[in-house]
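Residue numbering begins at 1 within each chain, and the chains themselves are lettered A, B, C, D and E in the order written.
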Amino acid sequence: MAKKKDVLKRQFKRHKKVGKAPGTITYMGHREAAETKVTIIEYTDSLHKIHYPGDVGQIVAHKDTPTTSWVNIVGLSDESFIEKVGFHFGLNPLILEDIVNTQQRPKIDEYEDYIFGTFRMVYINDNNELIGEHVAMVLMQNCVLVFQELDYDVFNGVRDRISAKSGRIRTKDTDYLFFALLDSIIDNYFVVLEHISHKIETLEDELYENPTPEVARNIQQLKKEVLKIRQWIFPVKELVGRLIDSENPLISKDTKFFLRDALDHSYEINESLQIYREMAMSLMEMYMSNMSNKMNEVMKVLTIMSSIFIPLTFIAGIYGMNFAHMPELHWKYGYFLIWGIMIVVFIGMVFFFKKKNWL
Amino acid sequence: MAKKKDVLKRQFKRHKKVGKAPGTITYMGHREAAETKVTIIEYTDSLHKIHYPGDVGQIVAHKDTPTTSWVNIVGLSDESFIEKVGFHFGLNPLILEDIVNTQQRPKIDEYEDYIFGTFRMVYINDNNELIGEHVAMVLMQNCVLVFQELDYDVFNGVRDRISAKSGRIRTKDTDYLFFALLDSIIDNYFVVLEHISHKIETLEDELYENPTPEVARNIQQLKKEVLKIRQWIFPVKELVGRLIDSENPLISKDTKFFLRDALDHSYEINESLQIYREMAMSLMEMYMSNMSNKMNEVMKVLTIMSSIFIPLTFIAGIYGMNFAHMPELHWKYGYFLIWGIMIVVFIGMVFFFKKKNWL
Amino acid sequence: MAKKKDVLKRQFKRHKKVGKAPGTITYMGHREAAETKVTIIEYTDSLHKIHYPGDVGQIVAHKDTPTTSWVNIVGLSDESFIEKVGFHFGLNPLILEDIVNTQQRPKIDEYEDYIFGTFRMVYINDNNELIGEHVAMVLMQNCVLVFQELDYDVFNGVRDRISAKSGRIRTKDTDYLFFALLDSIIDNYFVVLEHISHKIETLEDELYENPTPEVARNIQQLKKEVLKIRQWIFPVKELVGRLIDSENPLISKDTKFFLRDALDHSYEINESLQIYREMAMSLMEMYMSNMSNKMNEVMKVLTIMSSIFIPLTFIAGIYGMNFAHMPELHWKYGYFLIWGIMIVVFIGMVFFFKKKNWL
Amino acid sequence: MAKKKDVLKRQFKRHKKVGKAPGTITYMGHREAAETKVTIIEYTDSLHKIHYPGDVGQIVAHKDTPTTSWVNIVGLSDESFIEKVGFHFGLNPLILEDIVNTQQRPKIDEYEDYIFGTFRMVYINDNNELIGEHVAMVLMQNCVLVFQELDYDVFNGVRDRISAKSGRIRTKDTDYLFFALLDSIIDNYFVVLEHISHKIETLEDELYENPTPEVARNIQQLKKEVLKIRQWIFPVKELVGRLIDSENPLISKDTKFFLRDALDHSYEINESLQIYREMAMSLMEMYMSNMSNKMNEVMKVLTIMSSIFIPLTFIAGIYGMNFAHMPELHWKYGYFLIWGIMIVVFIGMVFFFKKKNWL
Amino acid sequence: MAKKKDVLKRQFKRHKKVGKAPGTITYMGHREAAETKVTIIEYTDSLHKIHYPGDVGQIVAHKDTPTTSWVNIVGLSDESFIEKVGFHFGLNPLILEDIVNTQQRPKIDEYEDYIFGTFRMVYINDNNELIGEHVAMVLMQNCVLVFQELDYDVFNGVRDRISAKSGRIRTKDTDYLFFALLDSIIDNYFVVLEHISHKIETLEDELYENPTPEVARNIQQLKKEVLKIRQWIFPVKELVGRLIDSENPLISKDTKFFLRDALDHSYEINESLQIYREMAMSLMEMYMSNMSNKMNEVMKVLTIMSSIFIPLTFIAGIYGMNFAHMPELHWKYGYFLIWGIMIVVFIGMVFFFKKKNWL
C-alpha cells in the first residue's frame, strides 16, 4: 500500500511556486534526492567514449564538438548546478524551471537552436514500485541533454546499441538519439500497460474467489493509477505529432520517419489505456454484484432456518402450555402424533424451498 | 472460459521489444506457431495458376511479372524468412517489424512503390473460438503480399471468385485484389457482430431465468470482448477513408468507388458495436435489478413467516409459564379460547400481508 | 413481447454476404416477403395518372418522358426483377446491392445522372408493431424510383397532395417529389418519438404503482428500442445536410430551401432522442430506488415484529422454567405483574419505533 | 405534480402535421388558447405611442413608416389571421408554419428583407408554473414583429425602457430592439437557473432529513425538467453567434457589440445547466446511499434484538424442559444462578455490539 | 458546513438584472461588502512608489504618465465610483457592467486602447474557506487596473517582486505586469487543486474507517465544489490562448512567451481537475460498496445467531411439552442426552459457517 501512496502523492508541492517569478528554478521533488551525477556518452560511427566530467566546464566542452554527445544528468535537486549548465548551453530560464519542476506536464518547446521536451518515464523499479519519473531532454546540434530525477532509467537498450559498433544509431545524428530515447520511454509504456493488465486480471480473479473489502480498495487504487498514468501518457501522442510536423532543421526527414512509428505506438497506448479504464470501472460493478450475491446467500440461509424452525417451535410451544384442560396432552400417542405433524411441516418447508431453488 | 482468456491475453508480449532498435524484427505471437507456408495465386483475365514456391527466389520472381500475383504467407514466426522476403521486395525494415508484430494496431502506410496495411481479421474459428488474427498486406504494382499468423482465414470467397473464370476480379488490377481482401475482412466483422448480438440475447434470457453469479461473470467477459473488438475494428474506418483520399497512383479511381462501399460498412459496424457496448452495460444493470428482486422475495418469505409465528409463539409462551396463580389456566375452555385467539391473529396477519401485496 | 423481438432481430443476416463480390444483389429480408408490386403515379400541373405496369418495359417507358413519374416498387425479394429495373434505368450494381440490402445504413450517393438514397421508414404498423423498414429512393431527371420492402408506407399524404389538383407539388419537379417523400419519412419520426415518449410515461407510472420484474424487463426493452431507432435516424441529419450542400443540378435552389426545413426537423429529432435515451436510463435508476424502498419497508415490518415479540417471549420463557425455587411464581400477583412488565416493554418498543419514524 | 406534467407534455402534437405539405400553417398549441391580441409600440427618440390596431390593415401600416414599431401579437391559434399578417409583411410560408408551430426548435433564418428567429421564453408564471413558451420574432427595416402564444412575457423591462424618455433604446434602430427582446429572454434564463438551483438545494435537504419515495420521484422530475430546459436553451448560443457573424445589413456593428454580451451569457447558462444536470444525477445517487444507510440501521436493530434475546430465550427454554432428572432444577440457587448467567450473556452481547460500533 | 454553502450559493442574484438595459452597472455581490479601497503601485526600473489616492482625479492622473502603474481597487459595491473611474479611463459601459457583476464568467475582450479580462481568483482564505473571488483587470498603455471584490488576494508575490529592486518585472512594461497578475491567479489554482486532492484523500480514509452518512454528504459536497471550480477555471486556458494569438500591440512578443508558460499550466490544471472529478465520483461508489460490506457483516451476525439458536430452542421446546406420555422425559440420562444433541447441533452449525467463511 505504502508504495502506491508514494507514487500518487508526489504532486503535492506546487504551492512552493506560488508568487515566484516565472523562470524561477525551484526543484519540486524530494529534496533528499542525493547528489547530481553526470555521464557523457560521446560517439561517431568510428568512436565511442564514456566521460564522467568533474565540473561544468568539462560538460560544456561537448557543446560544439562535431561528435554526438549524450549528456545524462541524474538528480535535479542542485538548482544552482542546473542553472549553470543551462546558462552555458544557452537555455532559456523558463526551460530550466521546467527541467527541475518534477510535476511538469509533458511538453515540447521549440527554440531557435534547440528543442526542449519533458516526458514521464513510467516504469516498475527494482522494488516493484510503479514510478512516474520526470525526464527532460534537450536536442541540440551536437548533443542531447537528458535531465532525470532518479538513477534508474529505461535507456539501457540505447546504451547497448551505441556501444555495439555495428548499430544504426552510431551512423546517425543527435536527432536520431533524441528519437531513440523517446522511443525507449514509449516502448516502456507497453510494459506498464502489461503491469496494469495483469493487475486487472488478478483483481478479477480475487473478486470471484474472495471479495473482501480489501479487494474493493485495491480496485479503487487501480482506478487512480490508471487515471494518473493516462494523465502522464496522454499528451505524448500530440507531442510526437508536433515533432513530425515541425519544420525545425534539427530534425531530419529520415528521423521523422521513425517518429511516425513512435506516433503509431502512442495511439495504441492511449487506446489500450482507455480500455483498461473501462475494465477497471467494470471491476467495481462486478464487486458490487458479488456483494449482492453473497448477501442473497446469507439471507437464504437465515430465511430457510427461520422458516423451518419458527413454526415447529410454535407447535412445541402450544403443548408446553399449562392449561388444566388440554385433551391432546392425555392422548396415548399425542406426543408421537405431534412429532409426526412436525416432520410433515419440516418436509413441506424443505419442498417449498427446493421448489424456489433456494436449496 | 479457457478460450476467451486466450484471446484476451494475446497482447502480453510487448516487453520483448523494449530497448530494441526500431526496425528490429521480433515475432510477438506464439513461438510454437508452426512453419511458414507460402501460396501464390497468379492470374490475368485469361490465366489462373496456383504456385507453392520452394524458396524465396521463386516468390520474388512474381514481383515484376505483368500478371497479378497474390502471395499468401502463413506463419510469422520465422523472422529471418520474413526479413529475406522483405529485402527482396524492397520493404522498409519498419514495415517488416510491423508485419511480425502480432499486436500491431491497424494502420496504413504509404511508400513510393507500395502501400502497406495491417488489420485484424476477426472470426470464429472451427473450435468456436473468437480469434483476432493479425494480418499484414502490401499492395505493389504487380502483386499483393499477404502475411497472416494462422492458417485459417476469411479469404475463401476471394479465392473462389478468382478461380471462377467469369468473375470481375480477373479483369482487374492488384488494387482491386487488395480491396477484395480488405472487403472480406470487413464483411466478416458483420459475422462477429452477429455472434456478439447472439451472445447478448442469450445472456439476457439466462438473466431472467436463472441469474447465477456465472451469468454475471459472462456479462463481464462479454464487455471485455466488445471492448477488445472495438479496439481492433475502430481504426478501420479511418484507414479506408485515407485510402480513398490517397493520391497514390497504385489505387485507381474505379477501386476507390468500391472502397467507398467498404467505408460505408465500416461506419455501420462501428455504430453497431457502440450499441452492443451499451447493451452489454445494460445487461449488468439488469442483473443487479434481478438480484434485488430475488432479495426482496427472500426477505418477504422471512418476514411473513416470522411475523406470523413469533406473536403466536409468544402467546403459547405466556401460558407455558408456571405461576401458581394464573386464572386462565383453570378456565374450562381456556385452551380452546387461546386457539381461537391464535387463529384470529393468524388470519389478521395473513390479511395484512395480502393488503401489502406480499402474498 | 414477440413484436419487439421481431423488430430488433431483423439484422441477423449479414453473414449471407461474406465473401461475395461487392455489387452482388442479395436480398437480406424475409424471403417469404411476397411478390413485387409496382405502381406509377405520373403527373404534371395539368395531368394525373396512376399506372400498374405489367412488365419492366412499361416501367422504363417513364424514364425519359417529360412528365414527373413516381415509380413505387413494393417487395425486394425478387432479385432478378430489381436487377432488370436497375439495368434499364442505368443504375450502378453497388446501388442495386444497397437497394435489396434491407440492413443498409441510411446513405446518400450522388452519381452523374441520378442521386441515390436509402433511409429507414420508421412507423407503428396496423398491428401496433414498431417497424423500421428499409426504403431506397432514386432521384432522376424525370422520375423518382422508390423501392420498399413492405406494402405499408408513410407516403399517403404525398399521394393525396398529388391527386389534389391545386397542390404546390403538381407544379414542381422530381426533386420536390424526392423531398416530399423524404419529408414524409422524417415527419413520421415525430410520431415514433411520441410513441416512445408515451411508453416512457407509461413505464414511469407502472414503476411507482407496481414495480414488478416485468417492468424492469420492459424498461430494458425500451432502452434497446431507443438505441435502435437512434441508429436508424442518426445519419439522416448529415444526409439532408449533404443534399443541401450538393452542387448537383438535379436539386434546385428552391427545393434546397425546403430541405433546410427538413434539416431543422432532423436536428430536433436527434435532440429529442437523446433526451429519451437519458430518460430511459433514469427509469432503470428509479426502478432500483423503488426496489430499495420496498426492501426497506419489508425489513421494517420484520424488525418491528421481531423486536417487540422476541423480548416478550423471553420473559414468558423465564417463568416457564421449572426450577424448584422460583419465588416470583408463588407471589399472589406475580402473573399480573409480569403482564404489566410485558405491556410496559411493548409500549416502550412502540414508542422507540415511532421515534425512529418506522411506524 | 399536475403543473410539471403539463409543461413536459406539450410536445405531443407533431403527428398532426404528418403528410401535410411543408408551409402548411398548423397551430400546435392549445386550441382553446383564446383570441389574438395585438399591441404596437411605436417610437423614435422624440416619439412614443401605443396602438391597439383593429384590423390587419392598421398593423401593416407600420411596415414602412420610418419610426420604430414593435408589433406584439399574442395568441397563435387563429391560423388565418397569422396568414394574413404574414402575407402583408411578405413573409415566407415556411416561416409562418414555424411561427404557429409551438414545438419549433429555436432557430434563426435570414431572408433578404428580414431576419426570422424563434426562441423559447422560459419563465415561472404567476401560478408558479415553469413555462417554456414558444416566441417568434421578425426583424425588419422599420419594425419588429413578435408572435407569442400566451399573454405573459418577460418583456416588461424593455417596455419600461422604451417609455422612459432618456433610455438608450429610444435612439436606436429596430436591430437594437430585436437584441433587447432577445436579451430579455436570455436574462430570464438566469432566473430559471436560480429556480432549478433552489430546487436542487431543497431536494438535497429533504434527502437527508426524510428520504421518502416522493423525494425520489421529485428528483426524477427535476432531471426531466433540466433535460427539457437544456433542449430549449442549448441552441441559443449558436444562434446568437450566427447573428454576430451575419453580414446582413439589418444588424449594425454597434448592435453586434451588444450581441456579444448576450453570447457571453449564453455560454454561461449552458455551463451552469451542465452543472445542474450533474448535480441532479448526484441527487439520485445520494438518495440510494441514504436508502442504504436506513437499511443498515434497520438491520442493526433487528440483529441486536435477535442476537441478544434469542440465546437468552434458549437458556430459559432449557430449564423449561420437563425431564424427570434435571439436577440444576433442584439446586437451591439454581434460578438465581441462571439469572446471573443470562445477565452475563446480555452484557457480553452488548459489549460485542459496542465494539462493532453498532450501538 | 456553513462555509461551503456560502461559496456555492453566491450566484443567486442574477434576477436583479432582468429587464435592465445592457451596460447598466449593477453590483451583484454582498451589498454590505464595505467601502472601496484604492492603492496604486507606480514603478519603473529606477522608481517604486505606493500611492493611496484620495479621489478619482488622483487615480486618473496615472493614466498617461510614462511610468507603469498598477491601480488596485478593492470593493465593487460603490457603483457610482466604478462608473466615474470607468468614464475617466474611457472604458465601455458593458465592461463596467462586467466589472461589478461578480458572477461574470471569465472572459477577455479586446478594445482599441485596452484589453479587458475577468477571472476567478480561487483561494483558501484566512478562515480556511474556499473562495472564488471575481477579479477584473484592464491592461492599458501605462497602467493596469485591477478590480476585486474582497481585500484578500493572491498578488503579494507580485508586490514583493516589484518592491525588490532587481526583479525582472521592474524592467518590463504593463503587459508583463498583466501577465504576472494572471500568472499568480493561475499558480494559485494549483494550491486549490492540492486542497481538493487532500480532501479526496481524507474522505477516502474516512470512508474505510467509519463510513457515516456524514461522509456521504461530504463526498457530495466535494463533487459540487469540483464542478464549481471547474466552471470557474475551465475558460482560462482558452482565454490565455486568445491573448497569445492576439495581434494587439499592447502585448509584446516577449510577454507572449511567458503567456505560453501560463497556457501550459492551464492545461495541466484542467487535466488534474478532470481526474479529481473522476476520483470524487469513485468515492461515492466506494461508499456504496462499503455500505454493502457493512450490511453483509450485519446480516452474517444475525444469520449465525439465529441459525444456531433457533434449532436449539426448538429442541428445548420439544421437551418442554406437557404430554402425559413422553418416554424420553423419564430416561435417566435423557436430560444429558439432549444436552449432547444440542452441543452436536451447535458444533455442526459452527462448522457449517466456518466452511462458508462467515466466521
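Here is the rule we go by: contacts are C-beta pairs under 8 Å (C-beta built on N, C-alpha and C of every residue); 3 or more make two chains touch, one makes a residue touch a chain.
Predicted model, so just to flag it, every value in this text is computed and none were measured.
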| item | value |
| --- | --- |
| Equivalent interface positions on chain B and chain C, same or different at half | different |
| Chain D and chain E: spacing of chain centres that average the CA atoms, whole Å | 26 |
| Cα-centroid distance, chain C relative to chain E, in whole angstrom | 43 |
| Where chain C touches two or more other chains at once, by residue number | 288, 292, 295, 299, 302, 306, 310, 313, 317, 320-322, 326 |
| Graph class of chain-chain contacts, one of line, ring, star, complete, other | ring |
| Chain D partner contacts - residues on chain C that touch it in the complex | 154, 156-158, 160-161, 167-169, 180, 183-184, 187-188, 190-191, 193-194, 197-198, 201, 204, 208, 257-258, 260-262, 264, 267-268, 271-272, 275, 278-279, 282, 285-286, 288-290, 292-293, 295-296, 299-300, 302-303, 306-307, 310-311, 313-314, 317-318, 320-326, 356-358 |
| Residues of chain B touching chain A in the complex | 9, 11-12, 14-15, 17-23, 94, 97, 105, 107, 109, 210, 213, 216-217, 220, 223-224, 227-228, 231, 234, 284, 287-288, 291-292, 294-295, 298-299, 301-302, 305-306, 309-310, 312-313, 316-317, 319-322, 326, 328-330, 332-335, 338 |
